[in-house]
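Can you read through this structure? Questions will come right after.
Per-chain residue numbering starts at 1, and chain names A, B, C and D are given in the order in which the chains are listed.
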Amino acid sequence: MKTLSDHVSVLVPKLQNWRRDLHRFAESGWLEFRTATLVAEELRQLGYQLQLGREVIAAEARMGLPDAETLRQQEARALAQGALAQWLPHFSGGFCGIVATLDTGRPGPVMGFRVDMDALDLNESQAADHLPQREGFGSCNPGMMHACAHDGHTTIGLGLATVVMAMKVQLSGVIKLIFQPAEEGVRGAKAMVEAGVVDDVDLFTAIHLGTGVPAGELVCGNDSFLATTKLDVHFTGVGAHAGGKPEAGRNALLAAAQATLGLYSLPQHSGGVARINVGVLQAGSGRNVVADTALMKLETRGVSNQVNDDIYQQALRVIAGAAAMYGVEYQVKLMGAARSCTPTQPWVDFIHQQAVALGEFNSVIDRTAQAAGSEDATYMMERVKQRGGQATYLIFGCDLAAGHHNARFDFNEQVMATAVKTLATLALNQAQFGGGQ
Amino acid sequence: MKTLSDHVSVLVPKLQNWRRDLHRFAESGWLEFRTATLVAEELRQLGYQLQLGREVIAAEARMGLPDAETLRQQEARALAQGALAQWLPHFSGGFCGIVATLDTGRPGPVMGFRVDMDALDLNESQAADHLPQREGFGSCNPGMMHACAHDGHTTIGLGLATVVMAMKVQLSGVIKLIFQPAEEGVRGAKAMVEAGVVDDVDLFTAIHLGTGVPAGELVCGNDSFLATTKLDVHFTGVGAHAGGKPEAGRNALLAAAQATLGLYSLPQHSGGVARINVGVLQAGSGRNVVADTALMKLETRGVSNQVNDDIYQQALRVIAGAAAMYGVEYQVKLMGAARSCTPTQPWVDFIHQQAVALGEFNSVIDRTAQAAGSEDATYMMERVKQRGGQATYLIFGCDLAAGHHNARFDFNEQVMATAVKTLATLALNQAQFGGGQ
Amino acid sequence: MKTLSDHVSVLVPKLQNWRRDLHRFAESGWLEFRTATLVAEELRQLGYQLQLGREVIAAEARMGLPDAETLRQQEARALAQGALAQWLPHFSGGFCGIVATLDTGRPGPVMGFRVDMDALDLNESQAADHLPQREGFGSCNPGMMHACAHDGHTTIGLGLATVVMAMKVQLSGVIKLIFQPAEEGVRGAKAMVEAGVVDDVDLFTAIHLGTGVPAGELVCGNDSFLATTKLDVHFTGVGAHAGGKPEAGRNALLAAAQATLGLYSLPQHSGGVARINVGVLQAGSGRNVVADTALMKLETRGVSNQVNDDIYQQALRVIAGAAAMYGVEYQVKLMGAARSCTPTQPWVDFIHQQAVALGEFNSVIDRTAQAAGSEDATYMMERVKQRGGQATYLIFGCDLAAGHHNARFDFNEQVMATAVKTLATLALNQAQFGGGQ
Amino acid sequence: MKTLSDHVSVLVPKLQNWRRDLHRFAESGWLEFRTATLVAEELRQLGYQLQLGREVIAAEARMGLPDAETLRQQEARALAQGALAQWLPHFSGGFCGIVATLDTGRPGPVMGFRVDMDALDLNESQAADHLPQREGFGSCNPGMMHACAHDGHTTIGLGLATVVMAMKVQLSGVIKLIFQPAEEGVRGAKAMVEAGVVDDVDLFTAIHLGTGVPAGELVCGNDSFLATTKLDVHFTGVGAHAGGKPEAGRNALLAAAQATLGLYSLPQHSGGVARINVGVLQAGSGRNVVADTALMKLETRGVSNQVNDDIYQQALRVIAGAAAMYGVEYQVKLMGAARSCTPTQPWVDFIHQQAVALGEFNSVIDRTAQAAGSEDATYMMERVKQRGGQATYLIFGCDLAAGHHNARFDFNEQVMATAVKTLATLALNQAQFGGGQ
């Protein structure tokens, strides 16, 4: 009988092909039309039972969705780039999520594995020495680039699907593979949670490549993500000629300036790391007109959900007060959100021990450095834990050409096989897990 | 029969004595206890019918009243300095207003003359060459000084009372002399208006000495005052240890800082001069405590009541919004108010012609320079005009030792006799006034 | 001999044609390539001596110039729309100014007449009942529209050129017709002044149509413009991940917010009307990045040059301080400027008398309502006066379809003939002007 | 031979007397004139070698010193309350520090023990059930109260001095007892460090009672203090009449408001806890005057010296920029400072082991909860460590009547004997300490 290693060895060239194809046709959040159709077809061919689009994404819970015109144009673009027409209707309108299920028929827990599929809003480097350009798989979509390794994550998901199906006779319980859209900006996971996709998951595992972890190292219970809320605030005042009738205006730009200063006074908290950032402010139309509009794009973060929620609630108060100061209207739009990341220790311990036994890592650790970024798989982790399940977040260290979100980002593709092998091991050996009971 | 000049000539030494006594025992707004008792006694002896204290001051309409303890202490101080015990009960508690009426029994209009009695909160210069010190009548009350000539105004009121009573057989109609407290900070006039003291006045005249007008000049229809509103804003937040529990605080100091910046954005108005000033800000108790209190003392001004009211209404909005930003409570206390100054032209014209005929002035003009300060006699002018009467504000030019509100302020006392003569002339000749009908 | 009226009567259809052609091919400031070549050709045919482009525009003194790419594209657009290739090189690169001179050879003063040629950055109304659309001369250039009557002004300039040349034997002295680019945003006049175009002008007259003055009325000495300075401020900070390394950033958005609040505290001035407006603020690139750039578009205004300069100097101080607070760099770019408008009374009086005599106006007045907008012909007026000349600014009242700067703006074309006649009268009768000596 | 327990037992009533006397005559920072003379006399009688006043306090390094008049008055007050005249000259002018040395003549390390002597600026509760009132030792000095147990610390210092001297034949090396003024506001330690008092110390121990640690518990290596800097900022602008000449002012209040908002934007730091607080803001003199002065009392804090220094440096930048915005002068006065607290582990371990062996504690731990407050003994710890020594900070848990800095604060006096016994044990057993080598 073929071993796991045998299965993975065979898979290596396929992993590279998949990844490079996804990289070349990078698609930003909620616009993963081509990606999703290819993933769906692959999983169907493998024999998975599929849930697609609105079945796995709650429409109202989607955050930071592009406008209808963009969705329409990008769907056309995807089709022109090889999206499979038979699958497209499922994803149309910004519903690019897929859940693939394999029920072994044997008793056992439901294991969930989550990967994300979206690219960043970024132009990829055109430099000749940038490997994706040299090898001819640089992004052909302007303003979209896989600079955070989600192409790798999706590929690992497909690899895992392949191996798991091939070895299904050795498995028990249920395997659920979750392919999520719009992780960038932490916009997509909540909508999948609200659709119930992890409501039956007992053992949940999300993954990431890189993030500064050295090649050969595995982090089994990463908790280095901050809870966060992303919001857009639109102030609407009243314009007026600034020279002739200044008192007739209601100044949205001033409201935004006051709000900004007020917001930055918030993040001091005894609960630990707290952050606020007004990253974008766009106000006014003409030099000699009292500004009647202002848009602020901001985010709060906290080391815990409590801290983030405290800052967020205070931010809403600051915004409302600043608008009131100038008699301007305002609207707050939730654009993204994630929770803090707190893996369950028994599941972390089990993975730790399995990874050591696997012998593929130089170093296996539980936790790594200080909190900074955010990740919306945390919504799935939180739901799984609320229902009594185990959950964790793995980081597979690997060499990077440049940091995440950089136009020259690239990762060493060898890590993908290692990841597939590790995750498949968990599926194969889960019966040994004593659980968190 | 003695002429007006004869009457005034006799009065000159008395004017000086009165003025110097009032200067020596300077009393700040609402605390004119000694002054008021002496004025009342003088007017009683002359034979005027008197209305006192609560009869001429509406308690609820008083603005910027000192606290009860200060009122009590200052009343005791006044008594020790020669206030007449028999009159004091009328004025006790901050009611130092007097209206003296002479009804000639002959048909004719009601003429009202208004003078003010209060000193400034200022320490008088101790310099040996400061005339009041050299002549021994420097203020003996620390923090109180007649640096705006109200001692002169009160004296002119007493001088006018003397001459008018002496010449009453030549008069017709009714003469009302109004002695007002608390003009500084524009706090007292509104309360007298609300008590109805000018409701029957047909011809109203308020006066001031100096204000930059040169000696020998009379301004007959001064309109160089801005409408204004004075307010104190008390923010009340929640204290917290700034190192240990910063998120537990509600920062009143920050609310005040935001409010301040918001307030200064207001005074641009197509209606003309608009002003705002946060003159005082006092916040917080300890360096390491989130400030739970803040007090702002501010004022709005406008070239017209409309402009001032617009700025004031917007200021209230700014204050409310800033408090809301930080979740702090706030209270706005009205501390003073005055209206814009717009004399009625017929009465100005009459005075102009009388003043020229009098032959005491080098120059008689209607209006003078640009608006800046404020004056609450404007409340009386407004009420008189609302009821169809005539009203104006005179400025008697005179030499000053230093500018108003300066610790070395002093004025040339000769102007007092001129003012008495001018005002008495109006009383004597009013029958010639055709009126604004 | 043909009278002035005869000459103007003949001209009426031509005026309409010119105006409608200019309106149809509206060109924004510094981009008047087509307009300038047609004007130049017309003036050459009439026999004027021409100074063009860099001869009449000091390159370094141009303010608010579009970028090189825009200039290049617009020049191509103009050529495609009928700009005359032989004249284009003179204007290429943003030098669309023309001065046409007629030296009569007879002794007499130099008379200067200034008109402006640029359109606004505005989309013209597409409404069927908007007359320019109904008559087929709506702007064919997106984002450019003659909504401030400069098409009329240029037409009047051409009409005046025609009549003056036709009647030259009756004239003495020198006639200078100045066609200015980029009046919108008050960007162009200073560069013409710096090139010396009014250095020899003794009698200067600038004109405007409409501006709320009723049809049939002439304002001979308009002073209702505010001095102004337009500036762009670019703050450059340092970006950083807002969650991971906030202290590494230098926040340009915060610097701009502080600067904005500081700027609005400035315009309280005893010298009269003072204004500031931050009309546009654009800052930051991403929600989760400390903003490293901010752009503020602002303007100061003042009833006098002194007031405007005071506010402007303080604004520079505020901006520098705000940048220093956050350790960000900044650059101030002057984008436009105009002076206050103070006509010389003798020239105003002469025009007043001539206009009354002309019998074309229902009403001839010297001044009109309150200050509000700005106009850079004031730079020319100032220079002329500095050298001892006379200068004024005329407003020809006319009916408007909608207010200036409105997408439905249009004016009754009859006023153009009236204006030509009035200005020509001044040229014909200037010998009667006693002068301001 | 008498044991340590024997010595301490005898001392108990004396400890109570000392403590209650010190409590009754509470003296605030730099004003510990009476306390210092009594301590000096006691130590002299015990036979210690003394260094006093300027010998142990670097004049220029003192922070937050009261003004000369206050120093003079308080010295007189102290004399009237029993300060010993013979010692007073040493401490006059704000130099109330004492170092008492016992050189055993036997080889061994220099051990330093530091206690502080100052009270808080607080009125002690007058409640009858407040034990110090009930027992008749409530503070007789208004506005001064031992509400942070420094009376206990000084007493422990005297108790330790007594026991150590009594048992000196069993000791080796050198014992240095350091009595520090002005710990509140973290003002005094730096001046003692600069005078070199810990330059020869090998084993340094500072102590505190209470701070939330339960009775019966000892914290051997407390690190729960934040580095901090305290500063006063004086802005000096130019006053002006807010109605008449607003542009002539330079508004110190506005500079302070802008600075405040800027300061609160600073404390987001990847290095960990960062804090800023503007606890007090006092600006302006009159409602209608452009404020010409403003005083901000603020503090920065950081989990490490680096974080605090980063925030502090940025705060200086913000302050300078805000002053520049309004053209006002400013002066920054350092009012206090402390370092972060990082004990050396070998010395902590030794104390831990000794404390357990002593058998007086229910619980002996190394570290306790989260950082919040600050303590300037950290300056001494830092200097000792820089020179290769060992240093720690002990907290002796005890029952409190109310929290620190509360007007009803009181502590259970039994802890003082325990503390003396523990510290004496360290002196007796130090030879067993292997050191940090």
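By definition in this document, contacts are C-beta pairs under 8 Å (C-beta built on N, C-alpha and C of every residue); 3 or more make two chains touch, one makes a residue touch a chain.
Which chain is which protein? Per UniProt: A, B, C, D = Amidohydrolase.
It should be emphasised that the depicted structure is a prediction, and the values quoted were computed from it without experimental measurement.
Asks: Which chain maximises the distance between its CA centroid and that of subunit A (Amidohydrolase)?
Replies: The chain farthest from subunit A (Amidohydrolase), judged by C-alpha centres, is B.
Asks: Between A-C and A-D, flag the pair that has more C-beta pairs in contact.
Replies: Between the chain pairs A-C and A-D, A-C carries more contacts.
Asks: Could you work out the angle of the rotation that brings the CA atoms of subunit B (Amidohydrolase) onto the matching CA atoms of subunit C (Amidohydrolase), rounded to the nearest 5 degrees?
Replies: The two chains, subunit B (Amidohydrolase) and subunit C (Amidohydrolase), differ by a rotation of 180 degrees.
Asks: For subunit A (Amidohydrolase) and subunit C (Amidohydrolase), let me know how many angstrom lie between their CA-based centres, rounded off.
Replies: 53
Asks: Which integer distance in Å separates the CA centroid of subunit A (Amidohydrolase) from that of subunit D (Amidohydrolase)?
Replies: 50
Asks: Among the residues of subunit B (Amidohydrolase), which ones contact at least 2 other chains?
Replies: 242, 244-246, 254, 258, 261-262, 264-265, 268, 270, 274-275, 372
Asks: Enumerate the contact residues on subunit A (Amidohydrolase) facing subunit C (Amidohydrolase) in the complex.
Replies: Interface residues on subunit A (Amidohydrolase), with respect to subunit C (Amidohydrolase): 185, 226, 228, 230, 241-246, 253-254, 256-258, 260-261, 264, 275, 277-291, 294, 297-299, 301, 335, 371-374.
Asks: Which of the residues in subunit C (Amidohydrolase) come into contact with subunit B (Amidohydrolase) in the complex?
Replies: Of all residues in subunit C (Amidohydrolase), those touching subunit B (Amidohydrolase) are 261-262, 264-265, 267-268, 270, 274-276, 370, 372.
Asks: Please name which positions on subunit C (Amidohydrolase) make contact with subunit D (Amidohydrolase) in the complex.
Replies: That would be residues 242, 244-248, 251, 254, 258-259, 261-262, 265, 268-271, 310, 314, 317-318, 320-327 of subunit C (Amidohydrolase).
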